[in-house]
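Both of the next two complexes hold chain A, though its partner changes from chain B to chain C.
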Partner chain A sequence: MSALTLRVTEITPLSPLVTRFRFEHPEGAGLPLFSGGAHVVVEMPDAGVLRRNAYSLISDPLDGSGYEIAVRREDGGRGGSRFLHTKVSVGDLLRVNLPVNLFALDLRAKKQLMIAGGIGITPFLAQLKQLARLQMPFELHYAARSRAEAAGIALLPDLPQIHVHISDEGNRMDLGAILSGQPLGTHVYTCGPEGLIAAVDETAARLGWPKGALHSEAFLAPPPGAPFTVTLKSGREIEVGAHQSLLEALEAAEVAVDWSCRGGACGRCETGVSACHGRIEHHDHWLSDEEKASQTKIMPCVSRFVGETLTLDL
Partner chain B sequence: MTIRFNDETFRDDYTFHNSPEAIRRFPFPFDQDSYMYSVNLEPHAGGRAGTPFQNRFDVDEHYVAEMKDREITLAQDPLRCQSLPHMELAGWDFLELVMVSKAEDYPELFELHRDGDRWHWINRPLGIEQRFTFLDPTTLPCGPLEYITRQTQGDHALLDQRDDNLWMDAGMITSQADWSLDFDIGMNFYEWHAPVPKAHEMGVFQRALKFLLNLRQEAPVRRLNWTMTVNPRLDTSPENYHKWGPEKRTITPETVGAKQHLRVELQTLWRLPRSNAIAFPIRCYLCSLEDIVTQPKWGRRLHRVLRDLPDELAEYKGFAVNRPTIVDYLAKFDDGAPTSPGIFPD
Partner chain C sequence: MPRTEFSPSIMSRPVYAPLKAQGAAPALMLAEAEGAEAILELAAADPSVMDRAHLIFIPGGTGFGPRLAALRARLYHEAPSYPAALERYRKALLDAHMGTQLYLAGTEGLIGQASAEALAAGLPADAIQAEHRGSLARRMQCVHCKGVTEGVTTDPFTCSHCGLTLFVRDHFSRRLGAFQGVCVDAETPGVTPAVKEIKA
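So, the complex of A and B:
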């Protein structure tokens, strides 16, 4: 996995919960450019545990002078965002993996329609900069519960195509109105909670949108769950903690597994299952329904297990 | 390093030839005495000095002549180069990749000077000097993909990535092993591979696609592919089959050594930064059988591979009609001795 060691050069609070971090090359070298919607995986050595979290890049894709991410502090999460918020200072060096894009714009679109919920605004911040360069028509809707929580407002350009919906102010986003007035050839991109993505899919289906014009990215963090044990081919057993993913447990035990997005989307960590007495809790967007039902494969980055024994092809 | 560029042709009088050094560095594709499809991808991160694997884009003694041949093909059929409108950004990505790589790897042949978006490109072998504005197509004589691939050996396809698939949405294809960009443009990975026998049932394409969808920036990969061509012809396209197809019938025991060529494609795959597209250069190397057998290991091994190849592969690769003559010729150079592992000559 190709990673760069970068220096934290700016830490800027955007809201009580969301902070922006800027990374630059320690010797000032240019960083690889990327496409809007790309993410990086940041490695965080936290008291003996190596955490790796994926964050969308929010800076200009055509500006290699630095990478910027916006991180929402999740106190109930597994600790990656808390680590960034409380233990990282300007000047620190962190390993950052090269950008990967699983949420790219379809450049064939006649118009790009972007719908963001909460911290789901992040990939669109880079895409907006890319669209400005490409001079493509777009429209963006950003929904948040309150103005204080809407960290993205500070980072959005003041343009008539950008609409902010604050539900506390009685200005809820009306998906029917947004999706019904669009020209043919529009593609819609949704990033936010699963509920928002489902609502967009449902409304679009009702209005007759073609499926190929709908794109979404759920910010999927490995969900916690009850501890469980897996068995390797050698017979070795690995314990997975309640707030640890199977992938993290394998890494902690120095079992080599390839990975990329760590969010159940890219398929890179797909692992065969040779015996399963129990039920795999599939949380990924990668395996097909048939593959999930067969219980012969697991995505260790997000999926868990309940039952007697789970033997992996590792 | 200095390269003496050959004065040679790839059509009509076929004066193409390999120097002794070019034969030694030919990318012989078989690492064992038999062949079957596989997803034989490895990192394209350099290789043994002097081989075609050493640099990102190999430049050899055929460079100038190959670019002249491309010019002739394009003049007769401009549809060999196409780029759907959404692929222009990928074209710029690819132009940058080639210019930066060549200027770094062959500083005596190519120079690139960049001042922000104002670029200055010098290509000494072709006598080209161009000042232009990066990402502004009005400052180049043609689109970015066509501009740079008129100066880069090999065919080049640009693949757009969307809907968990790859789409052949742009390319410069003038030295192909019997496939057509004009026919394949807009197709996805499964569609353009549909004619390949056996590999679908083996699940080769599903595995390859999964791998490629995850291809990372700055981590290009490569593989070798091969076929057989009569006469050293680059443009073996379906459009011109009437010109080269009949030449297969000119193979006799007397002519096979000089006319029958092993055609090897060094294929590389690159994730492009701004467009998230994949660049797919397919570089063609030709070597006659009589030149191949100057390396005894290759003579022995090629005989065994072609003798034992399944019929449908010989059919698909288009040399079934001449296989007995080829195998008889090569048999004279196979004394049954064991061959060493790997592709390089002893």
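So, the complex of A and C:
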């Protein structure tokens, strides 16, 4: 993986839980440009464990002077966001992997309709800057529980195409109304909790939207679970801890696995399974239902195993 | 006339499935000649498909008009030709919203042109259904002069614009809604294969 070592130059609280981090090249060199919706994987050496989390870039895709991300502190999470919030200071150097985009705008669309829930606003912040340059019609709906939690408000331009829905204020998002009456050629992008993505898919299907016009992105944090053991082709056994992903365990054992999003979305770390006596707990959005049922492939970034033996093609 | 079954060919060659009702969603329907039978079968399978349908029919010498009118589409209109129907069809696409289903039935010339028009208007390809009925005539573009010859029934045929003798390829342009015709005697001017009728 090609990574850059970048300096943290600004840390700005946006809400009680969400903080913006800005990274710049230590010698002031320009960074590779990206496209709206791209993410970077930030490497966090935390007490002997190397965590790598994916965060959507929120800065202007055509501004190579720095990369900005907005991170929500998840105190119940595995520690990546807590590390950034509590251990990182201005001036620190962190390894940041080059941007990858799994949630790009389809530029053949006649109109872009963006639906964000909570921290899911982040990829759209960069896309809005891209759309302003392209002068392309768009509409954005941003739903949050309360105004205090809606960290994105401070970063959103004041435009009539941007609609903020705060459920605490009785202004819930009405997906049926949003998805009705959109002109031909509209594409929908949803980023946020799984429930929101499912609700958009369900409402769109009911209104006759074809699947090709629907896009979504949800990064999954690797879920914790019971420790388990996997076997490699060589017969070597690797132990996976309760709060460790299979990918992290393989990396700690210096077994080479290709990866990109580390959140079950991109498919890069797909690994063949040659023998499975037990049940793979698939948590990814990549494998099809048939592939999951066949138990012949696993996405080590998010999926786990329960049972006797799991032999990987590694 | 029943639905046409085409023999397998290259990826580029469009394939057509029977029209399948998507319920009472807003619908735009365009049928030509024997294509009327596909719409009659569609409405028989699910009458609700006509509730919010705008049906445009090009009779092409057939007498299906009264039976289609009796389906009680929200709007029903007959036009003498595709060019005559085009302004109405374009306006219907312009006013349509996401969720609208497009049903096409007729020859490849009609299906190809109407699909290209709908795609250009922003309708996603997966919202378009087309069923082939009637003549096997093709709409052919000459790759040399770019002129389009309608209603081609033989292979090779003479380009109605530049006069070259053209081989009928299965290579189809979705943007133009036409198959590609390529000079058949470029290496040996005047020596052309025997003329055959185009088959399914």
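Note that in this section the second predicted complex is superposed on the first by the 314 of 314 C-alpha atoms of A that agree within 3 Å, B and C clash if a C-alpha of one lies under 4 Å from a C-alpha of the other, contacts with A are read in each partner's own complex, and residues count from 1 in each chain.
In this text, a residue touches a chain if its C-beta (ideal position, glycine included) is under 8 Å from a C-beta of that chain, and two chains touch if they have at least 3 such contacts.
These figures come from a predicted structure and were not determined experimentally.
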For chain A, which side has the bigger count of touched residues, chain B or chain C? B
On the A-aligned overlay, A:G185 touches which partner chain: chain B = first, chain C = second, or both, or neither? second
Regarding the shared-chain residue A:G208, is it in contact with chain B (first), chain C (second), both, or neither? second
By the touch definition at the top of the document, which applies to A:K110: first (chain B), second (chain C), both, or neither? second
Both partners, chain B and chain C, contact chain A at residues 212
Interfacial residue positions of chain C with respect to chain A in the complex: 22, 25-26, 93, 96-101, 121-127
List the residues on chain A that touch chain C in their complex, please. 109-110, 179-186, 207-213
Can you list the chain A residues touching chain B in their complex? 2, 32-35, 38, 61-62, 98-101, 104, 106-108, 130, 133-134, 212, 260, 266-268
Listed in rising order, chain B residues that touch chain A in their complex are 84-87, 89, 135, 160-163, 210, 213-214, 216-219, 273-276
